[in-house]
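One chain, chain A, appears in both complexes that follow, with chain B as partner in the first and chain C in the second.
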Partner chain A sequence: MTDLILLAPELILVGAALTLILTARHVRRAQPAAVVALVAAVGAAGFGVTVPLQEFAVAFEGIIVRDGYARFFNVVFTANLALVTLLSVRHLNAERVRPAEYHALLLLATTGMMLAGSAVDVLILYLGLELMTLCSYFLVGITRDNPMSNEAAIKYFLLGSFASAVLLYGIALVYGATGATDFAAISAAVSLGQSPLLLAGVALVIGGLGFKIAAAPFHAWAPDAYQGASPPVAAFLAAGSKAAGLAALVRLCLSGFGPEPGMWRGILVALAVLSMTIGSLLAVSQSDMKRLLAYSSIAHAGYALLGLIAGTPEGASATMIYAFIYAFMTLGAFGVLIGLGERAEQLTGFQGLAKTDPRASGFMFLFLLSLTGIPPTAGFAAKFAVILAAVRAGYVALAVVAVLCSVVSAYFYMRVAVLMYMRDPEGEPPQRFPIAVLAALAVAALVTVAGGIFPGGFDGWAAGP
Partner chain B sequence: MSAYPILSVITFLPLAGAAVILLTGQRPARWIALVTTVATLGLSMPLYQAFDKSSGAMQFAESRPWIPAWSVVYGMGVDGISLPFIFLSVVLCVLCVAASWTAIQERPREFYSALLVAETAMIGLFAATNLFLFYVFWEIMIVPMFLLIGVWGGAARIFAAFKFLLFTLAGSLLMLVGLVGLLHTTGTLDFQALTTGTKLNPQLQAWLFIAFTAAFAVKVPMFPVHTWLPDAHTEAPTAGSVILAGILLKMGGYGLLRVALPILPDAVQLFLKPMLALSIIAIVYGAYVTLAQTDVKRLIAYSSISHMGFVTLGIFTLNRAGVEGAILQMINHGIITGALFLCVGMIYERTHTREIADYGGLSKAAPVYSTLLALFCLAAAGFPGLNAFVGEFLIIGGAFRTWAWLGALAVFGVLLGTTYLLWLYYRVVLGELNPGLRGLRLELNAREVITLAPLIFLVLLLGLYPESVLGYLRASVANLLEGR
Partner chain C sequence: MAISAGQIVFYYLAAAGIASAILAVTRRNPVHSVLWVLSLFLHVAGLFLLAGAEFLAAVQIIVYAGAILVVYVFFLMLVDLPKEEAGPRFGAHWPLCLMVGLGFAAIALWVRVPGLQTAAPAPAAAPNTGSVESFGSALFKQFVLPFEILSLVLLAAIVGAVVVGRRRTEA
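Showing the complex of A and B:
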């Protein structure tokens, strides 16, 4: 019974998903389904936050743990779910996607993320991530009439299943080398010594997880999937998939492979450097807004990894803070794109926005500043936290690469600002933002500002595994 | 001191004004901006009166815990070095609003709120006693300036805005690494604690010096990272140019005084010769390039490079005369270049050309304007009795004390400066009235004369009674140089 209480947030989400699936025939408009998803998200988050933590809240004989770490990420995942639900309403009604199925998939994907964040067993971790990814394939392709969406889903599916196979193969090798699947036993075996088998396993596992967080060189799916998917789904992937992958990666590296950080550090350094440079440099030449945000998300995966590379508790919490803040700022940027409608898919759609809709351009400018890392926004606090962790661990060169990539990223983020503020509007005036989108933007903006002015708010809350 | 947080009030009052402007509308924007900037100036008055000139310590200090995890404190305070800069900032902001009164017709709401956000960043930067807070204001400053240049600037505004953004951001992000490194090794970012704490090892100091000076050098700007300046200053609207030349450049010099000199003394010694050489190059090369300019605004922009070369020269002489002269020169340059940009802006509003060739003979059509321009040009050229003379004199004196040839080269720079300024004046004001200007009402109106009046007063005051600024500096500069 206690096991089930500990699992309550997941159960709430699954319950809501099942309700939606069972009533799918009768749900024609997006609003009722959205309300169900929102209630479930708030309920799951509320349950997860209010139930007191026990010392070792381990469920199902040590495969799931409900610690502060899992709780922190559950807040990120449920917030992501709630905001994406708010952002989806108009799209669902306009593109005639079946709302019940769509929301059921969102709920199940979020359940998978939660499982991945609280798993202390590689198999549960795998199952959680697979649940998330499988739902994501469907979500990317859910606008059936849109060939772009179909193409994106196929690409995402092919690359994703390859990555899943890599992850699973890595897990098998780790099992072969250590004889265990739960983190504690793996950690005990790792501290006894390393074998080539274990190293290969670790490399493959990190590669598979690198796919989930869209870190280069496992990033190729992101631009295509984001571009083809409908914008709310792209936002869901950018914020959620990355946070879930990071949640799994940080816990696995620190508790599972913790005794021998040398095994994974080198690989992560390579991933971080490649992600930051490739993401920033390729974003410069994009003219499609969703592709630009995709490359930006690749670069941010690199920044987020800096904290984990440090390997310290402080570094782990820096990466957690990064995932949290990144989720809100990227959801905000996608939110403006969604509010503006189809015109915003191209960069040129933002032209002259400051004149035609100053509120929208103000929101967008805030999120762009935060993504660039300009104080006093939350993006700066997050970047500061990871850079501080990296420097404290002696990775000064990595910190320098990070700030140089930030300069490059300033160019492409501010290019959008230039279009909004310094060019004259062309074409029809933008449509009005739906209330739901504005609500989501307000929440994202609030977090983006408050997180920058009071970064101390994360103290004691964002504690590593 | 008293519990009234005067520095926080004057720092954040403009920000509140900006918020009010954004919430109201386009029409009352300029009035709200004027009221806010004048109120800020008024509220800052007690600072100058109650300041204890005999002490070099931080006064009106405020301190509150902010981000305990990074041992970052919200610390505000002023000493004799920062106080004149705060005064310059609040004065120039009032004048910027006055100068934009009719010039800014497009989106005034956004314009004035950006201006006020910039004012908050400037005051906050000079009042910060914590490097983190300093950095935050430093970065915030970039955003409104980027918008001011890019939205309300001239023809090549977007290019100029981007160039400004990327140069300054590249510099300041390197400063971020330096800041993180400093926090990591010392565990504090408080200026006072960093200055008096244990000395860092020289090699680390060298790296930190490179990181911080990258940021400061871009802002000053020092040769060879000066190339953003002519574009930005030329394309910016008048108020933007005034803030760029008047305040933004001083942030770099102030940073050198606040961070490099006291915290990294060994590295300063190590890099002394290259820094002095770059300063001299900036003075002489800057002056030569200025001579070749055909655009009035560009000419003044390049002259800033030369004049700011004097500032870094003075700072790196590391003696009292040089450093005091450098600070005085920064204040003077802010006043004079601000005034010159205002003058150019006023005439540009009438003629819509910046080409020197399109001018000539203004003395006939606009005698008051010509007289005032003469005053400011002479001041910029270092005419005795006007303000820049004292600063340059002190700097050159300091330079002679370090190495005689440094002083000699600097004097050569002054000579070139006099040449390009007088030649500019000759081409714009003297001679026959340019036919293209016939029929235009070139003379200044009352608002514009009132806008320039405070600057005229300051040019004369600082020229005849430099003690009015030097008095504030003395104890703090002594503190700075002895602390090493």
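Showing the complex of A and C:
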């Protein structure tokens, strides 16, 4: 019974998803399905945070754990679900996507993320990530009358299945080398010594997880998938799937492979450097807004890895906070795109926005500042924390690369701001933002501002695994 | 060195399995390839049987030889067979693929050092219970949560397939 209470947040989400699937025939409009998903998200978040549980509550013979780490990421995942639900209402009605199935897939994907964040067994970790990715393939292709969306879904599916196979093969090799699937036993076996089998397994596992967080060189799917998907789905992938991949990666590296950080640190350093540079440099030449945000998300995966590379408790919590803040600021940026509609697909759609819609351009400016990492926004606090952790752990060169890439990224983020504030408007003024989108933007903006003004607000809450 | 009957059977199954696998990837005619894959599945099922895993052997035949192979055959119906036979059997990257495959095989061989065998957990040696019974109790006791998550994965796959594969949206 206690096992089930520990699992209550997931059970709430699954229950809501099953209800939606069973009543799908009768759900014609997006609003009722969105309300169900929202209530489930709030319920799951509330249940996960408030129910008093003893520290390190372990369930199901020690394959699921509800510690502070899992709860922290559960808040990220449920907030992501709630904001994406708010952002998608108008899109669903406009693109004639079946709302019940759409929200059921969102709920199931979030369930997978939560399981991956709470897993202390590679079996659950893999299954949770697989549940998330499988739902994501369908969400990308759900606007099936749109050929771009079909193409994006097929590309994402092919690359994603390959990455899943790599991850699974790595898990099999790690099992072969250590004889265990739970993190504690893996870590005990790892500290006894390494074998080539183990090293190959660890490399494959990190490669598979690198795909989920869209870290270069496993990033090729992200720009195509984000561009082809409808904007709310792209936001869901950018914020949620990255946070879930990071949650799994941080816990696996620190508690599973923790005794021998040398095994994974080199690989992660390479991933971080490649992601930051490739993401920042390729974003410069983009003219499609969703592709620009996709390359930006690749670069942010690199920054987030810095804290994990440091390997200290301080670094782990810096990476967690980064995932949290990044989720809100990227959801906010996508939210403005969604509110503006078709015109925001291209960069030129932002021309003169400050004159025609000062509120939208104000929101966008805030999120761009935060994505660049300029104080007093939360993006600055988060980036400062990961870079500080890297420097304290002795990775000064890595920190220099991160700062240089931030400078490059300032160019393409601020280019959008220049278009909004220093050009004259072209074409028709944008339509009014729906209330739901405004609500989501307000929440994202609140977190982005508050996280920058009170950077210590996460202290004690974001504790590593 | 005395060779038991079990060893002879093992070496036959292993050698025939590898030979079937090689034939499956080298045959020009895709239908022949699929038949060799069937032979591979049957020999692997024999290996499972030899290892005392009757349930896995049955599943191997029912799921792989029965279901998955049928999907392959269905897929072959979409392929232009004469054109496939005329084209080159391998893509340009086959040396790379061969190297990766041999690399993993080498790692697997190299780590067969004494002491590693003990690291792997001994199969739950419950006396007098068939492998089906121990498999079933493991599935619904120790692995009940992964089992339930897998059912969610399958549900998501079904729902997604219906959503993406349905007829065009009614305008």
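In the analysis below, the second predicted complex is superposed on the first by the 465 of 465 C-alpha atoms of A that agree within 3 Å, B and C clash if a C-alpha of one lies under 4 Å from a C-alpha of the other, contacts with A are read in each partner's own complex, and residues count from 1 in each chain.
The working rule: contacts are C-beta pairs under 8 Å (C-beta built on N, C-alpha and C of every residue); 3 or more make two chains touch, one makes a residue touch a chain.
None of these values were measured; they are calculated from a predicted model.
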Requested in this report: Classify the contacts of A:Ala410 with the two partner chains as first (chain B alone), second (chain C alone), both, or neither.
Outcome: first
Report task. Tell me which partner A:Leu158 touches in the superposition: chain B (first), chain C (second), both or neither. Result -> neither
Report task. Would you check which partner chain A:Val284 touches, where first means chain B only, second means chain C only, and both and neither mean what they say? Result -> neither
Query raised in the report: Per the overlay, which chain contacts more chain A residues, chain B or chain C?
Result: C
Query raised in the report: Is A:Met148 touching the first partner chain B, the second partner chain C, both, or neither of them?
Result: neither
Query raised in the report: Should A:Val391 be classified as contacting the first partner (chain B), the second (chain C), both, or neither?
Result: first
Requested in this report: For A:Glu61, decide between first (touching chain B), second (touching chain C), both and neither.
Outcome: second
Report task. Scan A:Pro376 for contacts with chain B and chain C and give back first, second, both or neither. Result -> first
Query raised in the report: Which partner does A:Arg96 contact after superposing on A: first (chain B), second (chain C), both, neither?
Result: second
**Report entry** Which of chain B and chain C A:Ala399 touches, first, second, both or neither
**Finding:** first
Requested in this report: Give every residue of chain B touching chain A within the complex, in rising order.
Outcome: 66-70, 107, 110, 135-136, 139-140, 142-143, 146-147, 150-151, 157-158, 161-162, 165-166, 169-170, 173-174, 176-177, 180-181, 183-184
Query - Complex contacts: residues of chain C adjacent to chain A - result: 104, 107-108, 110-111, 113, 116, 119-121, 142-146, 149-150, 152-153, 155-157, 159-164, 166, 168-169, 171
Requested in this report: Spell out the residues on chain A that touch chain B in their complex, using ranges where they run on.
Outcome: 354-355, 358, 369, 374-376, 380, 384, 387-388, 391-392, 396, 399-400, 403-404, 406-407, 410-411, 414, 417-418, 421-422, 454-456, 458-459
Query - chain A - residues contacting chain C, complex - result: 7, 14, 21, 60-61, 63-64, 96, 98, 101-102, 104-105, 108-109, 111-112, 115, 123-124, 127-128, 130-131, 134-135, 137-138, 141-142, 144-145, 153, 173, 176-180, 189, 195-197, 200
